[in-house]
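In what comes next, chain A is part of two complexes: it sits with chain B in the first one and with chain C in the second one.
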Partner chain A sequence: MARATARHPRLPWSTRLDKFQRRFAPYIFVSPFFLLFAVFGLFPIVFSLYLSLQVWNPVQGLGTMRYVGLENYVWLMDDPWFWRSIQNTLWIAVASGVPQHVIAIPLAFALSRGIRRFRHPLTAAYFLPYITSAVAVALVFLTIFGTQFGILNQALIYLANAPWSAWAFGGMADSLPVNWLGRAPNIKPAISILVIWQYFGFNVVLYAAGLATIPKDYYEAAEIDGASARQSFFHITLPLLRPMIFFAVTLTIIGNLQLFDQPFILTDGTGGTSQAGMTVVMYLYRTGFNWLEMGTAAAIAWLLVLLIGILTLIHFRFFGRSGLETRD
Partner chain B sequence: MRAAVIADTRSVSDQGAASWLGRGLLYLLLLALALLTLFPFYWMFVLATHFQSDIYSAPPPMWFGQALERNYAALLARLPFLRNIWNSFYIAGMATLTTMFFASLAGFAFAMYEFRFKRLLFGIVVGSLMVPPALGIIPYYLIIQWLGWLDTPRAIWFPAMASAFGIFLMRQYIASSMPRDLMDAGRIDGASEFRIYWSIALPIIRPGLATLGLVTFIGQWNNFLIPLVVLSSRPSFTVPVALRTMQGLIQTDWGAVLVGTALAVLPLLLIFTVASRQVIEGLVAGSIKG
Partner chain C sequence: MKKLLALALASLLTASVALAQTTLTVGLFEPLNEHLERVMDQFVAENPGVTLEIRTLGYSDHHDALVTYLATGSGAPDVVAIEIGYIARFVAEGGLRDLSAAPFDADQYEDLFVEYAWSQGRTADGRQIALPTDIGPGVMYYRRDHLATVGTTIEAVTASIDAYIEYGRALKQHGVYLIASAASAADALIRSDIPAGSGIYFDADGRPLLNSERFLAAARVAKTIRDEGLDAQIGSWSNEWYEAFRQGTTATELSGAWLGGHLQTWMAPDTAGLWGASEIPDGRLLSWGGSFYGIPNQTPAAKLDLAWELVKFLTTRPDIQLEAFRTINAFPAMPVTYDDPMFEEGLDFLAGQPARLLFASVAERIPGVLTFPGDMVAQEIWNSALSEVLNEGRDVQAALDEAQALVERRIRR
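And then the complex of A and B:
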């Protein structure tokens, strides 16, 4: 009865409106995201699963879509280019991923424990490549990697011949100048160098944030016990940083498996000599938009998701638990 | 007592000549690495001012040259580059403004209200962050095609309006900076729920909102894969896509290309010099709190 009167049309409009807006406000506030996500996020995911079971060339219109079951997936299993793109991606993911962390952890330690001044300007310098356009910096690296006149080769030639540095670099002299982007075995290292340069600073900041959570007392206690900086690093910093290492490596795995901009520009969109620089996302792009095989491209996307899922799972299984154990 | 001991050991180790030398070396090392990191940017600006013949010379030029105007003219001869810059600004600007509004509104709802399905809905927001962007790229293209939006700016900024990352960042920020009592205070004063968001929440979260704006702008300015897929004509290209077309010609005009990359990087350098702390914090905090 009370309810019926509450809904009675003779209640003033303003009161009814007021009740309505109070009750539904949170739903209305979050609705734009869900509408957009439904159309541009969720639907593409579902549709790409459907598409991966079809053969379809978009130029010929929707009517030409033909259901083929798992044929796209089966075909990819026998496709040498697909496997090469997986190999390339894994190679680059490791070669560009591991050094990022090997550089970033001691660097973050040095910044937050070793020095007192200029922390921020130094950190900002390391971080800068991360926020700049990958396309722009890849184009700059194209000139740096130039065979005859690239600054990297010229620097290496100088170092290999100069008396003060020949002991370290002289061994390279015979292989100089390096044809970084023209010879297949050099393409992946060149891409990795660019990726390391662009992303190590991000990890420095992550690890600096992780270090900030380690209580200063630990270091002070160690110092009183006569521990050196090196000992503090290996016995305090590294163990306590483990959860952050786990997290940062997770981000690197997920990001590196999806590399596109840098290899795309460095290999001029082709994947390079014998596709040595073609990553999975590049292969996906070429399959879908250069060769217009939308069904196969969708299947590649799902296999990539599977690969990311499996590797993340392995990472969680082997390192996640031990990361948590040190915390307990 | 303990504090005195610590102060004592510290001052001793600080006065040690070995430690002083070590610290100096450490500064030198860190500085060298910073210069090495910044070098490609310097190099880009230097080569952008040189003729092709200087770029292809050994040893290479290390200081600025005379060819900036020539290279800029060559760039404009190849591309409607000012138009491309405008496109990038327009797309990044629209995405930034709309994201700031919708993400803070949704973040406000998730931080300040209790409502049915809240946990589930927020779970979807966070879960959507885990989806690899490449997964949906083909259907994304098809949807844009069906909407008739191919080769238009809204193909890029419209779907980016309410980013999950932004909602997440704003929820964390609002939850930690706005007391819930303010909600009731606003209601007692007769403000509508939206009015509470607009007049009470927004002024409080201004710093967090600025961070979100910076991060969104940078992300959209650098965005490559989506514009590459949905844009097809030179006048509608964004800067990264336009630069890509300069590549792979029989003889790439590197001076012109590098003027273009310098212009692509310049706005980011400006933003970063003014607000580096906020940018770093926004980009890193967003991922850490996840």
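And then the complex of A and C:
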């Protein structure tokens, strides 16, 4: 200590504090985020990568990990249930993703152009399912989809038999009641219906925000030129909404590929008949926590990361800025 | 002098630790907590200085949390309850203390319990890792009114599997289903008639049995029931299941003896007096549920004595078991309790039938079955194959051959 003072002439305390502050204060201020991220974000990511190269049964404790290299990945490559879960996920992603946008864009347009008076209460109503717990919603849909007493089947039976609607629904009478969650071909549509219902409102809000950025002048000019509402939708709204569509679709791709709560509740955690409702994340969960193969589960997670990466990249390439510019 | 002083101090410290309150944490799933809350004062009175801290979670959350605790090596309660659906994981995979070893020497208590429940908590190499507390002897609950409508007797219906299916055909004439799900019938069949020394899904050498005759026959019976429209195609523990019990749309249910308690208290209380209980058709003997208590490896050595006292208190004491039977309808695993007068009581919900005697007699005859590490995943693959057979019309042999291959693939690792 004495020597140190000899070498550096001692500055006044306040000056040193000031220097220290200037240098380090910003780091201290941002450190909470980085500390939390390191513990809850970075560490699990790195650890799961490490885990994917091990065979580990968690019940036996941390000491029992065994390094196996890429064996988990190789094993998954010809695992029939893994590929089935990928197919299911992609099926549900498309079947529930496309309608979300096909419904949300015209709806947002109608809200912003036509029924302006009720715009806010309606937007709030559409948004409500999104902020409701996915588990609660799935439990309600579980009851709705019931075979014998479910309200959906009751409604279909009514429609098939009522005189005023029999012409449209009468053809279904023979196949009623529909076993929505028991029969393999029906499980994915049932899950998709729930996902569409839950998430289209979020997209309505996104598109409503996107529409708000389109200057009114364009519509007024188009109106003066005699354009119909239909024409202004296709020639003004859609092109100018493209960045927002790109953003919303990206979110949908990422979200739909990680679907878990809804299929998990609707199939009672099993994936349903023939695993028809087992998504990749569900398979991951079951492998890790039900069958205690943590290494394989981690490998599934990384293959899913890869899949999401590839699909997002394709989406960026064809519909992102670079893709669109070359076409324009 | 200094050394002496230190020694004196140290002994003083240990003495005060021993006198101080020891807190024992107990991890339970519902409704076992209700039982422990009622009897904990008695335990504390018998073991002065102990405080029990009860941590209760839902059935699956409790077991998921337990897996996490064991994986990370910390956080587990000092004593844990484990349900039969999960016991295979812990029996076969480790994480719980070997109670056969000193200082527990649990093997001395073997004769207290029904045979099969004891063996469910035992590893293939003979380590007892959990003691049974309640059991679920498999029985059939049936509606007396439907039996009368068809005009037959329960003895005739349960005489054989064929007679049972025949009853279903007769019921169909009256617009009533035989059972909620054909899968329950198949499950009863694969879990019974298991050769000694074998498991449900694996033989003594650990080879999977999914395309053996026992499984093929079970799947064919279920397929017959489904194809002839004799089941309501309703899964267990769904709103539809409860509704079917309330409305009487199904005439029988194969289940653990515990189903009666659920029916009576919340599923279908209005149907009191309409029900009866019998053995499963064809005299099949199997268990359907049950709970155990064990001690995790990570429980600190200082608490082991008390933890073991609590396990013994909850499992080996007839008075405590009977209390659980009275209050939460947990059927005792100790045959000595079956002599209690309450077993001879007629049950109002079952139209006065003294059904507990039936449950006890079934429990005492169920043979022991081995538990294997692959049981969970094999059960999953079997369920999946069965649902393809029942729902998608897949060929029984083909579906079970594929199931066999899937199980072989999984356990080879």
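Definition applied: the second predicted complex is superposed on the first by the 298 of 328 C-alpha atoms of A that agree within 3 Å, B and C clash if a C-alpha of one lies under 4 Å from a C-alpha of the other, contacts with A are read in each partner's own complex, and residues count from 1 in each chain.
As a working rule, a contact is a pair of C-beta atoms (placed from the backbone, for glycine too) under 8 Å apart; a residue touches a chain by one contact, two chains touch by 3 or more.
Worth saying up front: this structure is predicted, and the values here are computed from it rather than measured.
Peer 1: Applying the touch criterion given at the start, work out whether A:148 contacts chain B, chain C, both or neither, answering first, second, both or neither.
Peer 2: In the superposed model, A:148 contacts both chain B and chain C.
Peer 1: Now for A:275: first (chain B), second (chain C), both, or neither, which partner does it touch?
Peer 2: Only chain C is touched by A:275; chain B is not.
Peer 1: Looking at A:15, would you say it contacts chain B, chain C, both, or neither? Reply first, second, both or neither.
Peer 2: Neither: A:15 stays clear of chain B and chain C.
Peer 1: For A:184, is the partner it touches chain B (first), chain C (second), both, or none of the two (neither)?
Peer 2: After superposition on chain A, A:184 lies in contact with chain C alone.
Peer 1: Which partner chains sit in contact with A:60 here, chain B, chain C, both or neither? Use first/second/both/neither.
Peer 2: It touches chain C, and chain B stays clear.
Peer 1: So, A:175: does it touch chain B (first), chain C (second), both, or neither?
Peer 2: Touch status of A:175: no partner.
Peer 1: For A:231 in the superposed arrangement: first (chain B), second (chain C), both or neither?
Peer 2: In the superposition, A:231 contacts neither chain B nor chain C.
Peer 1: May I ask you to decide whether A:291 touches chain B, chain C, both, or neither, giving the answer as first, second, both or neither?
Peer 2: A:291: touches chain C, not chain B.
Peer 1: Looking at the overlay, what does A:161 touch: chain B (first), chain C (second), both, or neither?
Peer 2: Touch partners of A:161: none, neither chain B nor chain C.
Peer 1: In the three-chain superposition, say which chain, chain B or chain C, touches more residues of chain A.
Peer 2: The partner with more contacted residues on chain A is B.
Peer 1: Kindly list the residues of chain A that each of chain B and chain C touches, one partner per complex.
Peer 2: Chain A residues touching both partners: 58, 142-143, 148-149, 268-269, 289, 294.
Peer 1: State the interface residues of chain C toward chain A in the complex, per the touch definition above.
Peer 2: The contact residues of chain C facing chain A are 60, 64, 67-68, 70-73, 89-90, 93-95, 232-235, 237-240, 243-244, 249, 297, 376-377, 380, 383-384, 387-388, 391-392, 406, 409-410, 413.
Peer 1: In their shared complex, at which residues does chain B touch chain A?
Peer 2: 5-6, 9-10, 13, 23, 26-27, 29-31, 33-35, 37-38, 40-41, 43-44, 47, 55-60, 102-103, 105-106, 108-110, 113, 115, 118, 121, 124-125, 128, 131-143, 145, 158-159, 161-162, 164, 167, 187, 192-194, 197, 218, 221-222, 224-225, 228-229, 239-240, 243-244, 247-248, 254, 257-258, 260-261, 264-265, 268-269, 272, 276-277, 279-280, 283-284, 287-288
Peer 1: Spell out the residues on chain A that touch chain C in their complex, using ranges where they run on.
Peer 2: Contact set of chain A toward chain C: 55, 57-62, 75, 79-81, 142-143, 146-150, 179, 182-184, 268-275, 286, 289-294.
Peer 1: In their complex, what parts of chain A are in touch with chain B?
Peer 2: 18, 21-22, 25-27, 29-30, 32-34, 36-37, 39-41, 43-45, 47-48, 51, 58, 107, 110-111, 114-115, 118, 120-137, 139-144, 148-149, 151, 154, 197, 201-202, 205-206, 209, 220, 223-224, 247, 251, 254, 258, 260-261, 264-265, 268-269, 281, 284-285, 288-289, 294, 297-298, 301-302, 304-305, 308
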